[in-house]
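Structure first, then comments.
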Amino acid sequence: MTYTVKEIAVALGASAFGATDILITRAAEPAMAGPDDLALAMSLKFAESLAEGRARVAMLWEGADWEALGLEAAIIAPRPRFAMAGLTGMLDQGQGYATGIHPTAFVDPEAVLGADVSVGPLAVISKGARIGAGSVIGPQCFIGWNATLGAGAYLREAVSIGARVTIGDRFIAQPGARIGGDGFSFVTAEPSNVESVRKTLGDQGDAKAQDWTRIHSLGSVTIGNDVEIGMGATIDCGTIRDTKIGDGTKLDNQVHMGHNVVIGRNCLICGQVGIAGSATIGNNVVLAGQCGVNDNIFVGDGVIAGGGTKLMSNVPAGRTMLGYPATQMDKQVEGYKALRRLPRLMRDVVELKKAVFNADKDA
Amino acid sequence: MTYTVKEIAVALGASAFGATDILITRAAEPAMAGPDDLALAMSLKFAESLAEGRARVAMLWEGADWEALGLEAAIIAPRPRFAMAGLTGMLDQGQGYATGIHPTAFVDPEAVLGADVSVGPLAVISKGARIGAGSVIGPQCFIGWNATLGAGAYLREAVSIGARVTIGDRFIAQPGARIGGDGFSFVTAEPSNVESVRKTLGDQGDAKAQDWTRIHSLGSVTIGNDVEIGMGATIDCGTIRDTKIGDGTKLDNQVHMGHNVVIGRNCLICGQVGIAGSATIGNNVVLAGQCGVNDNIFVGDGVIAGGGTKLMSNVPAGRTMLGYPATQMDKQVEGYKALRRLPRLMRDVVELKKAVFNADKDA
Amino acid sequence: MTYTVKEIAVALGASAFGATDILITRAAEPAMAGPDDLALAMSLKFAESLAEGRARVAMLWEGADWEALGLEAAIIAPRPRFAMAGLTGMLDQGQGYATGIHPTAFVDPEAVLGADVSVGPLAVISKGARIGAGSVIGPQCFIGWNATLGAGAYLREAVSIGARVTIGDRFIAQPGARIGGDGFSFVTAEPSNVESVRKTLGDQGDAKAQDWTRIHSLGSVTIGNDVEIGMGATIDCGTIRDTKIGDGTKLDNQVHMGHNVVIGRNCLICGQVGIAGSATIGNNVVLAGQCGVNDNIFVGDGVIAGGGTKLMSNVPAGRTMLGYPATQMDKQVEGYKALRRLPRLMRDVVELKKAVFNADKDA
């Protein structure tokens, strides 16, 4: 994978300057760049360390003076962060998985594989599973009974997908992603303490000793096109209908998605977010790392929540949220500030009491 | 798996009305139900969408007028949520795992398998492991050296169980559940900054550069009967004695259980809860999603904690807890309200200061 | 693995007393100790339960009167907690993995294995991978293309390591640890709502419907010597350079490490901690369970953070932190106390208002 500066610029819809026939083999940070690397210096701050490395070519910000930086060539993209997507896609060496069906894989004779599907060593494709054309099933993956994957899937090692899961095209799963466990849904023969707390918020006195009986998940999981699931993320089946993820939504590592959850299109769900059963998330929602979403609530389109936010009740569309319990971000920040002023407020009140009530006494 | 309306009602201990010989193949939400489905409409709200579907039969709440809803038959259960457990158990199609020992599995000749045990493709059963009768060991599972599983276990794909782990009957593990890692226990040759912080709560000034030496886990994990462990959950071994889970307790996805933790009977530990080393949890405890339990503390019987609660110190039996740090739920809610009124309180104090101290000056 | 009392004391640099030729087969808690066990009673509290067991030998605290406790022999170590490391190392029975290359493992002919490397059943070693001498690759592990492990690695079952990952000597990975997923880095063609929120903290009104395009990870992961990674932990690749972990650092179960994160030497990162992309952590840092670290921030050497702490901005070296958002621990505790006094403060202000403003009216 070697490209000329010009080829890269064309692919990115960017402009190339100088010796545009220099060959590029990798991208590098400015200080670590060698003579065949494309240094990434998309702001003045990064450009300053160009001198520490040996780069001849760099990707720069609009308006940068590449010659003054001592470069032989430069690429200038109108939105450098977006150009990074194209550039890293071109230069990605991938995982080096072999093509074809590995002899140690177990593919059930009743599985249906499209054209040019690769299956890695010690992977399992179960009866009735359907894998779309051009898909890569990584080493030690598991595809369950009657599961369906669209075209162009890319599954890294040790991914597992349960029975009857349906997934669209261009699906990406990182190592150890798990789809299609049974939902966490249990019930007691008599009303439980939890049902009672939901009404009273109070202590329950003596604990009742009750057995929990499993409610099985009859639904499965339906996932749209262009979805990506992170390492160790877990997605439960729905109880009656499927748990759902819309087109273009991305889940980071260790995201937990309970039964019946519905997530819309083009959401970003960051690391270790947990979404409890039957919550509904709109489109274009961004939940930062370690957010929590309460069961059975609704989160509107375009909601953005900062790191660690716990959404305890419905959130209208367009809100920016923070905190535990979550409020609008600016109110939460105002609350943090007030809390820091609280010790001084308490001293003020002590002074006031002295002045007002002692004065009374003196009078 | 097809049942008459009558058969289902009998199995659930419920009453059947109307054309009770109609055959049912699946359960469905009212709006999506077809003519051979049992629509689940256990409250008035759900019954309203029956008209959008084509259901002839529904499961309804006590006192519902099934004929007025245009149905040909109905099942009415005294506690519909509990009836869901029986119903979904009857209609669960399962994962379609083949029976018998798959030829690609590796079963050590010194492992002992009970009658009618199934072992999936590419699973590993180690030397000295004992698997109870009727158990299903899913694809790509790993059962360690001298581990013991009781009768009727059901392990989904990619579950791993370490050496010397002991598990009771009817154990269920969801995909990628991990039992029997070494505990996270390290020590420095000289007292560490952490030991010092536990005494002072203050800053430690210069960081000491100390190496951490591992304390190995000599104990393993002991799990009772009727326990279930979620996808990606992880349970550490104990240091000297075993880490323990009592009968009937259920762990959701991505639960973390540290070394020496003891959990009692019939607890529900929801998604992403973390329980630090040597904590002790009583019976019938419910910890909602993303709760945390501090190391070495005690959580009494019947304690219920809301989502995201961090239990930092011992909790007496019967308490309902919320927040970080956790307090009783009603006090926490009162605190949230007070915090929201804080800006107004601050303005009041400013007014008071003006009135009291300026008045003094004027006098 | 049987040792005399004397052999154990010598190995631990401790003193032995009494019948030091008694043979020890295991360690045990005092109340559960049998006659061939070494009871661990390193404080008076534990020594009290010696009478409930049948121990003849115990490990005791400095100054303990072993004869008065009815023992036949005793080991006394100057720092008993540190002696636990040596003792548990001696008595650890391990996982019973067989030595050699298991016939069901798939080792690519172009992989390079050092002397005395063991590879468990159904493990995969990819092309160009290099495994240092004496390493143990557990059952069902995956080692990716051109990955490098140093000498003396110990990988439990189902660990996966992606392409081009580089790891030092004496690496330990618990079951299901995952290294080398692609980073969670996405960009929109036009500036996104998230970029806008970082500037304003405010609501974003109408959600823009934008697609996310992946920024590929061209970097990999570099890990030093003596590092340990817990069950289900996930470590992402860097975007351009490698994500990094320094010598002697230990990660607990379900830790999430985003792309480009750099962690220094001898840190303890406890269960379920999440570290967002491009954060930098110093040396000797301890993050207790469920901590979160914001993206792009810096955490100085020797910082200690209590359970559940969310570090939202840079933390200077040596600080002890707590809370969400994190502050210095003593200030956080002061804040909790103030919050609990808030309802009383509010009543005081009501009284003051009555006294001041009604008094005015009366005057």
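Order as written gives the chain letters A, B and C; numbering starts at 1 within each chain.
One rule holds in what follows: a contact is a pair of C-beta atoms (placed from the backbone, for glycine too) under 8 Å apart; a residue touches a chain by one contact, two chains touch by 3 or more.
Bear in mind that the values here come from a model prediction, so they are computed numbers and not experimental data.
Asks: Quick one: label the inter-chain contact graph as line, ring, star, complete or other.
Replies: It is complete, because no pair of chains fails to touch.
Asks: Answer with same or different: of all residue numbers used at the interface between chain A and chain B, are over half used by both copies?
Replies: Here the answer is different, because the shared fraction of interface numbers falls below one half.
Asks: Could you put a whole-Å number on the gap between the CA centroids of chain A and chain B?
Replies: 23
Asks: Where in chain A do residues touch at least two different other chains?
Replies: Within chain A, the residues that touch at least two other chains are 122, 140, 158, 176, 232, 254, 272, 290, 324, 339, 342, 345, 349, 352, 356.
Asks: Where on chain C does chain A make contact in their complex?
Replies: Per the stated touch rule, the residues are 106, 122, 124, 126-128, 140, 142, 144-146, 158, 160, 162-164, 176, 178, 180-182, 184, 186-191, 193-194, 197, 201-218, 232, 234, 236, 239-241, 254, 256, 258, 272, 274, 276, 290, 292, 294-295, 310, 312, 324-325, 334-335, 338-339, 341-342, 345, 348-349, 352, 355-356.
Asks: Under the stated contact criterion, what part of chain C meets chain B in this complex?
Replies: 26-29, 32, 40, 79, 81-82, 84-85, 88-89, 91-97, 102, 104, 120-122, 139-140, 156-158, 172, 174-176, 226, 228, 230-232, 248, 250, 252-254, 265-266, 268, 270-272, 282-286, 288-290, 301-304, 307-308, 317-320, 323-324, 328-330, 333, 336, 339-340, 342-343, 345-346, 349, 352-353, 356-357, 360
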